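Below you will find the structure I want to go over with you.
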Amino acid sequence: MSPDHYYALALIMFVCGVIGITLRRNLIVIMMSIELLLNSVNLIFVAASKAHGLVDGQVMVLFIITIAACEAAVGLAMVIALYRRYGTIDTDFYRMLRG
Amino acid sequence: MLVAAAVGFLLNVLSRFAGPRRPSKVKYESYECGVPTDVSKSGVRENMSVKYYVTALLFILFDIETVFLFLWAKIFSQLGWFGIVEVFIFLVVLLCGYVYVLKARALEWD
Amino acid sequence: MMDSAPLVFYTLAALITFSSIMVVAARTPVISALFLVLDLFLLACVYASLNANFVAVIQVLVYAGAILVLFLFVIMMLNVPRVRSKPRIKALDGLLITMVMVAFLYMLYRVIAQYLSPLPVESAGGSNTEAVGKLLFVEHLWAFELASFLILLAMVASIVITKKRAAP
Amino acid sequence: MGLNFLHDHNLLALAIVIAKVVFLLVLLLQIPPLMIWLERRAPALMQRRRGPNRVGLFKWRLWGLLQSLADAIKLIFKEEIAPAGAHKALFQLAPLLGVIPAFVIVAVIPFGQTITLANGMTIPLSLTQLDVGFLFILAFSSLGVYSVAVAGWASNSKYSLLGSLRASAQMISYEIPLGLSLIPIVLIYGTFDLNSIVAAQEQVWGVVKAPLSFVIFLVCMFAETNRAPFDMAEGEAELVAGFHTEYGSTKFAAFFLSEYVVMFVLSCLAATLFFGGWQIPFISHAWLLATFGTAVAALLGFGALLLKAAFFMWLYVWVRWTLPRFRYDRLMALGWKFLLPLGLFNILLTSVILGSY
């Protein structure tokens, strides 16, 4: 197995994530797509750390997971606040707000 | 050795398949889905308390902290006092957050 | 003797691809969330196959076991009526997707090229939990302490955001 | 952990693995019926009633032991009902989500000392030896939340949803102190591997070295499985039956199966981490090995572990019929405001004591 296989898999996930962010209009699904992006990066880190025999990549993954947790916490808090304020989490609605 | 490690993964796979097999096997013996009963279809899923969200939120943040502490505990003997001081600072920062949470009465269930 | 590693990898890769697509494609957010859980879990299996045991367990423990629970809670709380997704592709979106697709095709080409001249990366070595720990607590000391600040910030910020009683 | 198991060892090893898996599976499937029986006989004992004692085979009544079996058969032949408005697929999936992690986590429990065969081959009496050991258990038991949450959501019923939200909030709340209570163990023994932890407890049990941890662990153990006195989530008086209100037939049984299996695993974990696992108290392991050989010694160890686990299972039942139910806000307060600081304090205390030596 060459690391490129893993990178390709990561890229597939990344593509899915990007498509989700651009096409879906549900804020929560968009946030889940962001998680996909973060995970594809994680995969690259782990595969690269294995390929180069360095452990740094795995430490980075730990930090990325930390960041993902914080991002999810704050992001979902905002989603909840928005939902309470406007009663919807459809991005089209907020697009209209832009004026 | 390697055998033991390999066994680990094999078991993972095995019991993952063994787990679902049981209930589904039994499921075939039972009848098909019966008459649908009509139980409250009202919008119960709305107006949920935000408390549950706050609980889950604090859970993930403290979970991360636990993970870091596990890693620290594992190599504790090699780090010694250096590690203790390090983790102490880490915990003090987090305790600030904890105190804030308590002050904000985010953990009160009423 | 047959080498089982590629078999395992390709199985996992296929499943990951499938569930990633489902995360984006599923209509009900709960279903997407559950597929994301599956996705993360399979990724953990990939990590385990790369000898990154600690990361694999953490992935299941924190990502699948905690972060996605938060998502699920929010979905259950909000219970958004199903929005009919009309795919709308704007110019910028199209550009973005095209770029990613090009990168993807390039990558695919590289993989195929690699396949013709394989370059094995499986290095020896079992557990590396200790190595990860040492690196984290010695070299990445400041990042570690910063992480605590990050968690503190997230804690305070999200409580402030949810506490604010918005006007109807 | 190598994935290349196909060329590392021979068919015999594979056969042994399969044998172990089958054995454990059979063992685990015995737990729920036995526990349900115990749970009906024990309160009868405490309340001076008889409890189920009729069902038997031909003329042997076996203290009503077969009652559970009869119940199981009854459940199998019950009709499956999914409430209208339920999300069908998820409704079906939820019990499975509970059963799978419950079975997977058994894998890392060491049931006995390693057996050495005549040809020098060794058989560890746990299904797997991971360097991440009980972190693996924590990770998979945290996945159990999904079963509860999805069950409640898919049922489309007030009681189910409320029950599931309560239950899952409770489970995740108590996972934190559970994790924190295990950190001193890692501090003391320097490993996540359960086999090494058991081996290190030859002289002194873990409960002596980390008593505070044990107390926290015990409380969390009860809360994590949603058992009395923390079974708020299924308080009959207020929530009918909690998240599985709408479930019947084998799906209902599946929830119980996973609940009891998780209870069993946590009992084994408690015995392993704090009470020496398969070590028999006051009898040195080396002596056992020398006297009986590895196979018998391992069997004895297995028995010892089962006995210890059985004690905790008994404790579960005992406590259920002794303590009244907690109020929900008290429950959360106990977890977040008492056990969490206590766990952190425990960690600092342990590390400082260890550092001073």
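Just so it is clear, A, B, C and D label the chains in written order, and each chain counts residues from 1 on its own.
Following the convention adopted for this analysis, a residue touches a chain if its C-beta (ideal position, glycine included) is under 8 Å from a C-beta of that chain, and two chains touch if they have at least 3 such contacts.
Everything quoted here is computed from the prediction, not taken from an experiment.
The minimal number of chain-to-chain contact steps leading from chain A to chain D is 2.
Looking at A-C and C-D, the interface holding more C-beta pairs in contact is that of A-C.
Put simply, the chain farthest from chain C by mean CA position is D.
With centres taken as mean C-alpha coordinates, the chain found closest to the middle of all protein C-alpha atoms is B. Rounded to whole angstrom, the centroid-to-centroid distance between chain A and chain C, based on C-alpha atoms, equals 7 Å. If you average the CA atoms of chain C and of chain D, the two centres end up 29 Å from each other.
We define each chain's centre as the mean of its Cα atoms; on that basis chain B and chain C are separated by 17 Å. Counting partner chains per residue, chain C shows two or more touched chains at residues 5, 48-49, 51, 54, 58, 61-62, 65-67, 69-70, 73-74, 76-77, 126, 129, 132, 136, 147, 151, 154-155, 158-159, 162.
Of all residues in chain D, those that touch two or more other chains are 1, 3-5, 130, 135, 153, 161, 165, 172, 175, 192. Looking at chain A, residues 62, 65-66, 69-70, 72-73, 76-77, 80 sit in touch with two or more other chains.
The full set of touching chain pairs reads A-B, A-C, B-C, B-D, C-D. Residues 45, 48-49, 54, 58, 61-62, 65-67, 69-70, 73-74, 76-77, 79, 126, 129-130, 132-134, 136-138, 141, 144-145, 147-149, 151-152, 154-156, 158-159, 162-163 of chain C touch chain B in their complex. Listed in rising order, the residues of chain B touching chain C in the complex are 5, 9, 12, 43, 45-46, 48, 50, 52-54, 56-61, 63-65, 67-68, 71-72, 74-75, 78-79, 83, 86, 89-91, 93-94, 96-97, 100-101, 104, 106. On the chain B side of its complex with chain D, the touching residues are 2-12, 14-16, 18-20, 22-24, 26-27, 29-42, 44-45, 48, 51-52, 55-56, 58-59, 62-63, 66, 69-70, 73-74, 76-77, 80-81, 83-84, 87-88, 91, 95, 98, 102, 107-110.
Those residues of chain A whose C-beta lies close enough to touch chain C in the complex are 1-9, 11-20, 22-26, 28-29, 31-33, 35-36, 39, 42-43, 46-47, 49-51, 53, 55-56, 58-59, 61-63, 65-74, 76-81, 83-85, 88-90. Across the interface of their complex, chain B is touched by residues 1-5, 8-9, 13-14, 17-18, 20-21, 24-25, 29, 76-85, 95-96, 99-100, 102-104, 106-107, 124, 127-130, 135, 153, 155-158, 161, 165, 169, 172-173, 175-176, 179-180, 182-184, 186-187, 190-192, 246, 249-251, 253-254, 257, 328-329, 332-333, 336-337, 340-341, 344, 347-348, 351-352, 354-355 of chain D.
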